[in-house]
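Residue numbering begins at 1 within each chain, and the chains themselves are lettered A, B and C in the order written.
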């Protein structure tokens, strides 16, 4: 892609479904996956005469988010109606916020190859989700399922501060991590709990005014956001370089074809006729509620990362990996609490073997078959030298297969206990020295590297169970003339 | 039985002079007999008789609330579970409400017996009842005259003795104007006093349900059962409901009545002006003093109201799209066709005009000039009232510029019809409580029939008890509210 | 007239109201008259006035986050013109 003379400008609008039990304006459940229209009550269906009443927890979650991004929480915010006709929008308007959003300007710092960049957040506002149109199996008609209608959303709008698809993804990941930390959104992207619209434009490098943008709708994975933006950037540059003009429009990313296409149906007369919803009064948020929610804020990822580095002497990468989710960080701290093994080694275990096993099984840390307590027991056996790190990996594999077992049981059943009996080790060493006179000669003539050969031979002969420190000590004594 | 007050009927029921079933049957017979009045859209005979039987049982057990066994009817704008709720529209001609409005539940629990659902202008938009899909109700005082609107069916039914009392709703005068035209007592409560849940919305920030009855005393009893905080309505007010009947007989000595001079200028029928003068004289005799007020912004109420009400209605009526309930056109070619035709077929002309007007007023480039401007004028009007009500206890004015007009007289020009609301709509903009009480009858001439005249009483927020007191005092010394139209005795 | 028939056509489409060509003139005429009435508002200066959305200066009440509704799908779908397998049917939605 020839993007050298072009600057890419991206802003993201992210819709996070707030993890409330009931809808934003009704008492219907928000649980995912119910039979169609079984969670759509009279209010959600827009029946004549019904009225909305605002969910306290949706408001609390929005405020919590605002506090976490250091934003101003509006003391006075207003719900407005966004009017348009669509079959998944039962009332013919969406209750949203326009002029007085609940969360004002804030920011999020993202990491880019070790460098930090501050991304502005313009605003975040509460609104209700729409239902879903289903296109299969209705003999040429569309089916409408309104279970999702009325689910609370927090729409988080970034400044056009992002300069590449990579930055956009980094921002999106960071935000995803944050909302899960705050436990305001389950972050489940397959279920649509975290969805992204991207506003993309390009301009010649150095130009200060923005180019005409297009909005790519509903891109629901990190991978697709990157691909969709890259495709769109290329498309726009190509048009401009061929003397064309970008049309401001809404586009849809087609993951199968890896391209964006115009959504003409959304284009006609985008006149939403916003006005304050007369069925809802202004929301006032007092200092007391704010203080209460602020006190309840969990430790945020950035602070936690810093603390992990300081408290556990972890390097940046390890601290970063362990704080990528609140569950992982909690898991780590649970392990460290129950073992005397060095925290750094614990971290290696979690970011290494455990993460690899989780990835292979496509599991989140919350769903790990091996609990933090079990891992701690295992690591404790390294710490007290019952087993070596190498044997521990073997124990871990067994533990993963049999999560109800324990490290001690596996060590005992498989006879993996480290051999510290110097007599047994000495006998083996003597035999190996006798069998390998050439190597002995080499070592004694100054080739230190051969030492590893002897260690390997001893370990092999003892099936890895020998205490490595003991082996080293005795080998040096025997080999030194 | 149909000329008695609620209190008299309640006594008769408790004394065993008649049962609720007998009372209910009496009204059902009258509804049948005067069915040409077209006051009802739906008569729920079976439902009413079942409810009457239950009421008789409850009465026999003792401790029944005052309204137990009293036959009344709902404006067809209140959702009634399992019963057609049309809102006067073809759009909802097939709509069997799946739940009860809060007001419906409240009156049910109060033991009142619902006779049916009353005629109204489509979606409460109109001042003559002529915008009903079911045809206009007629004024019991003269068959060729409109009963007013939009609660025209409610006013006609009460005036004709087809129900003891009725519910109505008032967005710009829809309780007060038909009450005036039909010679009954109507009260629009303070905004937020009566729950709007289940009351089909026309203009949400203006709509308010209220009682329509034959006297202030009856209106107080009905309001008592309708009013109160409702957690299902965010705009409902969490304030205790006073005992409205308790203050009815308080003295009016020292009462300060304000008359906004802007309401007594050009356009007001001379005879109505004279009737108001006479009524004011009665109030003077009761100990009141009259103070002239100037409220210059009142003249802006009509344009501001029609912008705001139209804007809200254009959005409120978007849900009628032929997908989940209501009218759907035959064989839609595509989605757009489904919307365009279902809505074109389901709505009448006045509803369409207001949807179009409101859509325009909210559309890009016009919002500030129309909607925002109207909201600012609303503030000025409200401030004007707040200020005036610091000087006086009650504001009095005409309800309508003229007597009830003949059917078809004003249908040709919608704007002409809007001017009918001149004296009532400012009160909705301010959200204040107001009443209409009968204070006279026009002279009987060969050209024009004898028709009732109303007086409007406007009070401060939550001063319903005071207004009822002021109305009741007048009704104790006059008998306009007891007049019965010829043929309905 | 303040509006043209073309204006009215556009508004009608925005409001998804089908209007027959032969009714267009009458609607245009009536709406123009209505607008005329509304432009009277311009005779008052409102520069310093705060717009008023609600009659009473109250704040929104909040409800506790409890699920209070149960499944009433069949009950509600009795009212629907066209349903199948629990979903509302409409002509094909094209995105």
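Criterion: a contact is a pair of C-beta atoms (placed from the backbone, for glycine too) under 8 Å apart; a residue touches a chain by one contact, two chains touch by 3 or more.
In this text the structure is predicted, and so the values were computed from the model without any measurement.
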Line, ring, star, complete or other: which one describes how these chains touch?
complete
Per the contact rule at the top, check every chain pair and give me the one with the most C-beta pairs in contact.
B-C
Chain centre separation (chain A, chain C; CA means) in Å:
41
If you average the CA atoms of chain B and of chain C, how many Å lie between those two points?
23
If you average the Cα atoms of chain A and of chain B to get two centres, how far apart are those centres in Å?
57
List, in ascending order, every residue of chain A touching at least 2 other chains.
42, 45, 47, 53-54, 85, 87, 144, 271, 273, 278, 280-281
Which residue numbers or ranges of chain C touch two or more of the other chains?
13-14, 16, 53-54, 58, 60-61, 63, 72, 76, 82, 88, 90-94
Which parts of chain B, given as residue numbers and ranges, touch two or more other chains?
95, 98, 205, 231, 234-235, 314, 318, 321, 323-325, 335, 339, 359, 363
Mind listing the chain A positions that touch chain C in their complex?
20-22, 26-29, 35-42, 45, 47, 53-59, 78-79, 85-88, 133-135, 138, 140-146, 252, 263, 265-266, 269, 271, 273, 276, 278, 280-284
Hey, which residues of chain B end up touching chain C in the complex?
94-96, 98, 190-192, 205, 231, 234-235, 237-238, 297, 300, 302-304, 306-307, 314, 318, 321-326, 328, 332-341, 343-344, 347, 352-353, 355-357, 359-361, 363, 370, 372-380, 382, 413-415, 418, 429-432, 461
Of all residues in chain C, those that touch chain B in their complex:
3, 7-8, 11-20, 27, 30-31, 33-44, 46, 49-56, 58, 60-61, 63, 72, 75-76, 78-82, 88, 90-94
Residues of chain A touching chain B in their complex?
42, 45-54, 81, 83, 85, 87, 90-93, 144, 271, 273-275, 278-281
Please give the residue numbers of chain B that touch chain A in the complex, ascending.
78-79, 85, 87, 92, 95, 97-99, 101, 196-201, 203-205, 231-235, 311-312, 314-315, 318-319, 321, 323-325, 335, 339, 359, 362-364, 367, 371
